[in-house]
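All chains are identified by letter, namely A, B, C and D, in their written order; residue positions are counted from 1 within each chain.
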Amino acid sequence: MREITYLEAIREAMTQEMERDERVFMIGEDIGEYGGAFQVSYGMLEQFGPERILDVPITELALTGAAVGAALIGMRPIAEIMFMDFTTLASEQLVNQAAKLRFMFGGKATVPMVLRTPSGSGTGAAEHHSQSLENWFTHIPGLKVVQPSTPYDAKGLLVSSIRDNNAVVFVEHKLLYKTKGPVPEELYTIPLGQADIKREGKDLTIIATAVMVQRSLQAAEELAKEGIDVEVVDPRTLRPLDKDTLINSVKKTGKVLIVHEAVKTSGIGGEFAAVIAESEAFGYLEAPIMRLAGEEIPIPYNRMLEYHAVPQVENIIEKARDLAQLKV
Amino acid sequence: MKITKQQAEDYLLQMYQIRAFEEQAEKSYMAGKIHGTMHLSIGMEASAVGSISTLEPTDFIIGHHRGHGLTIAKGADLNLMMAEFYGKANGYCRGRGGSMHIADVEGGNLGANGVVAGGIPMAVGVGIGLKMQKEGRVLLAFFGDGAASAGAFHESMILAVLFQVPVVFICENNQYAMSFRTSDWADSAKIAEFGKLYGMPGTSTNGNNLLEVREAVQKAVEHARAGNGPSLVVNDTYRWRGHSKSDRNRYRTQEEIDEWKEKDPIVRFTEVVLKEKLLTEEEIEKIREQGYADIEAARAFAEASPEPEVATLLEGVYAP
Amino acid sequence: MREITYLEAIREAMTQEMERDERVFMIGEDIGEYGGAFQVSYGMLEQFGPERILDVPITELALTGAAVGAALIGMRPIAEIMFMDFTTLASEQLVNQAAKLRFMFGGKATVPMVLRTPSGSGTGAAEHHSQSLENWFTHIPGLKVVQPSTPYDAKGLLVSSIRDNNAVVFVEHKLLYKTKGPVPEELYTIPLGQADIKREGKDLTIIATAVMVQRSLQAAEELAKEGIDVEVVDPRTLRPLDKDTLINSVKKTGKVLIVHEAVKTSGIGGEFAAVIAESEAFGYLEAPIMRLAGEEIPIPYNRMLEYHAVPQVENIIEKARDLAQLKV
Amino acid sequence: MKITKQQAEDYLLQMYQIRAFEEQAEKSYMAGKIHGTMHLSIGMEASAVGSISTLEPTDFIIGHHRGHGLTIAKGADLNLMMAEFYGKANGYCRGRGGSMHIADVEGGNLGANGVVAGGIPMAVGVGIGLKMQKEGRVLLAFFGDGAASAGAFHESMILAVLFQVPVVFICENNQYAMSFRTSDWADSAKIAEFGKLYGMPGTSTNGNNLLEVREAVQKAVEHARAGNGPSLVVNDTYRWRGHSKSDRNRYRTQEEIDEWKEKDPIVRFTEVVLKEKLLTEEEIEKIREQGYADIEAARAFAEASPEPEVATLLEGVYAP
């Protein structure tokens, strides 16, 4: 199959959906001529014109609200927030309006929109352009939260998100934008709420998200050489969470390491851990539930500090090895 | 601006229905029948009716927390509305929304909103959608004077002008945001000036004069419908009651309240229709009675309506 | 000892600190003549004047930022956000600025401020005035998050928060405002980051926050009649979390039920569960770690629906009883 | 506005230092020595120096992401600044902040900021604090034209006027917010009009004319220091380089860039000081050399400086 980048997969999903469905449009800062801060929408202005690629000045709250309003009357907007750090400016409309209108109006409103935003560190962009805040939005009933780790997943999940009749927060990862993988040319969907076992294994489960899926897969290859057989589970959708796949994997392996980039405290890893600890998998656990996640600091500028602020392959290997060897 | 006898009847009936609804709401609350809070718009009826009377049934409104009047003016079913106020299963929002969130999306009412300025960014998006849908529909987006100081207002006005959306932004300036005296930073004329600076027509009206409100909004609606983009209309008015159930009126004087009561928008309108010989005293009295009777019927309907079943609690969060 | 309400305790803490330290001031909406939406600051305008009780129009973002800026040059502002739902409008300044400036500037800035806000349901205020978003802020390094459950704790923790040299999110609970308890008249502090065992017990640990502490204590009384001896632990500060007290309690009882009002998914309970599941307490667990928390819905208006949206005493009793009886 | 020879030397030196710093930053970046991004202010030197030259050393500035020029104009130690740009342990922020976050709180520089409009609300609070501290200090709060569309701007201006804070808000209008042409909603004159509507003096300047900038800001600073509250000054200028490292300049023409290069603020200033006979060609050339030499020394210092130790990674989040 043809290989394209994660970034191209996202662009393709949007382009093909916009070709298919005239209710779909984009709104965001510098998404037109500039092509988006990461060039995700590059070329789309030429194809669709300024009526469907709405370039706006710095107005995170209003552009998000504009997506909510348009969705409310049957459009299918895709809003882009340039960096996830700035969802802090948009969250009123996302959390109080997009997420709640349907329930608040007795199930009689529909808000089919996508809010796309890149998260994560690794580009030297420092404290204000590197956060991973996905767990904020998983806490909000009414929102769905998607976080793809491969080009294939990115396209299929984004198509599903656009077609979903709810507000979906689609969290991209900056370091994945340039990664390549096989992606069908035609439109296809990956159901929201369905985890993917990225690697089967029997000794230990790693549940990882976004760029940590790739790092965990690399770690698994190394550990395989040591005879440790790791299963890597990628939830792909954080809300609704495919608890069964997580639980079944842990029941099989008896050990689980949770890996994410976001700060450990109150990150999604806590939810994963709790879901497992309160499930029937509890009885199968052969060791404590371990988490490896971002340090309790903002993301610093200096390259080496930034590197050490979040889990790297070697940290995953080490932690997984310890866990594999642990006997309780 | 001339109106017909039919119009005079309709507008007056709506104003009385609003007045009666609010009085009933207050009574029901005082009687302990309502759990929660409410925001009454007694004294502001002309702003709601005058503005919304300019719309076609297929047009939209989006409101704010003080939304009972707007909802009635948009032609809500009073029974379903009162049932929602009572939190009943057959209310507009199945008892989920209550006073602050009554909506009727199908009927073109995109809802009251508990977040000050929460509806303004959405209004821009509705306008963008309406423009794309090319059916000539327009939106009236209501908000209070308090909302005008929120960042959401500024950002939204800029986008509204940029995309030339068919939206009339209507600031119902009742002088206070809770206890904050809005004239400490802007009066109605100044808020209208902001509209102009953003690049849209901006006017302020005597918001207690239904016909003046109607004329200003009518013009703005035509402007929008003709594809000429948004406008801002500021209706200068006053709420007679406290901000919400818990208000002690510490921030204003009884004299001020009394002065504004002298400017009762309903009285003012009846004077006009009498003078113009559109309606007689008797007709007016009959309309008044009708308004109160409608609300009394709605109250009875609401009180007789069933509570939502707890088994349905988790429904309606996600659309299929 | 004299008994006063939670609300009065908060007012007293602010008043006494403002008398003691002229750098302390308040900023918020309707906090002056109106006395605050819940009357917390009632009378303070008369005592301190408009120079120190700064009443502002609807400007959640700017008023929060104003607190950050004033703190940066050595003042000690207390900002009030009228309902926690509206921290969604303020979070940029709180999360990107207040929390990060010190680290971002190499440890060379100090942001001593408090952001007070009431959370929780139970007043019929519906979807837009009832949220519990404390876990958003526990996810942010640089912030501290405090959530008192009694008048005594409220005063002592607020005094500590005002004197703390960092940005503290002080989460009050609407239903607690009118509850009474003994509170010393003089100034005293309760250290941040110190949990409190509100009731000792040996069969089961309940970790609860805010109003759920009171409900759990009531539940414990009922359960005692059945011979189930419950320990109730109140973390009081959510960030930094007093992990030791939580872990030691679970080691002692072998069973833990976590109770909070916020939505269960990605609530603070996940963090509690994960902290326990990855600690040495894991080996002492005699049953799965259970959570009882808010339903996966916005808070509805109708009184009975609202009641059932969050844990009540009877739910706690039932869940705790099941857990006490559970054998794995 | 007359200046002394000493002033001419100082201002020119600072402008050259800024120009040289930015050129060096670009070179270092291109050479792969810098991890991250940067925002260069070449072409905007007069706005930074003209504005900040009006301050006493005890006064404050707060900046934005394009903050190198402001930092130098506030008298930063060039070595510590370049070291921060390189992410070194002895940089202003110990390598934690980098280009976008250089600060020197002790020196009155409350920092560059990665969030557009992020500094504006804080500026209000600094103003509130300065007023309470009664030491007569003032703040210059810088932001871009892009920041003026953000809700934070609107809310902050309202509060600034309400509390009459001793703050001069300075909008450096370089015509674009990234690729967004700000004149699509407001030009410099209009942004200044907003200031007036909020209730503060609002002016726009030719931001490439140091003396004009200085005069306008001087007036505003005196206004603030006298207790008369905030002002808004809009400096109309241009950035020669792309928005950041990754800019392809698709949104503007080479002709436009060239036109603005003709209005080089440094050239303009040298012409004036020559005409006014404040400095000779030789003196100017010596100052230029000095500026570049200072930056070259800073580069050497930065490159020789140590990386932060990973063991210190977790330090500095919380104050004791």
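Simple rule for what comes next: a residue touches a chain if its C-beta (ideal position, glycine included) is under 8 Å from a C-beta of that chain, and two chains touch if they have at least 3 such contacts.
Everything quoted here is computed from the prediction, not taken from an experiment.
Under the touch definition stated at the top, chain A and chain C share these contacting partners: B, D.
With centres computed as the average of Cα coordinates, no chain lies farther from chain A than B.
Between the CA-based centres of chain B and chain D the separation comes to 46 Å, rounded to the whole angstrom. Chain B and chain C have Cα centroids lying 36 Å from one another. The geometric centre of chain A is 40 Å away from that of chain B, both derived from CA atoms. Annotation for chain A: residues 56-57, 59-62, 85-86, 89, 92, 96, 103-104, 126-128, 141-142, 295-298, 300 touch two or more other chains. In chain D, the residues that reach two or more other chains under the touch definition are 93, 95-97, 101, 113-115, 118, 149-152, 155, 158, 162, 184-185, 317. Shown here, the protein chains touch in all possible pairs. Within the complex formed with chain B, the residues of chain D that make contact are 149-155, 158, 161-162, 184-185, 190, 193-194, 197-199.
Within the complex formed with chain A, the chain D residues making contact are 34-37, 87-88, 93, 95-101, 113-118, 146-147, 149-151, 177-180, 182, 184-185, 246, 248, 250-251, 307-308, 310, 313-314, 317.
Considering their complex, residues 61, 85-86, 88-89, 91-92, 94-96, 99-100, 103-104, 126-128, 133, 135-136, 138-142, 239, 241, 262-263, 265-274, 276-279, 282-283, 285, 287-291, 295-298, 300, 328 of chain C touch chain A.
Against chain A, the residues of chain B that register as touching in their complex are 60, 62, 91-97, 101, 103-106, 110-111, 113-115, 118, 120-130, 132-133, 151-152, 155-156, 158-159, 162-163, 315-320. Those residues of chain C whose C-beta lies close enough to touch chain D in the complex are 23, 25, 27, 51, 54, 56-57, 59-75, 77, 92-93, 96-97, 101-112, 141-142, 144, 165-166.
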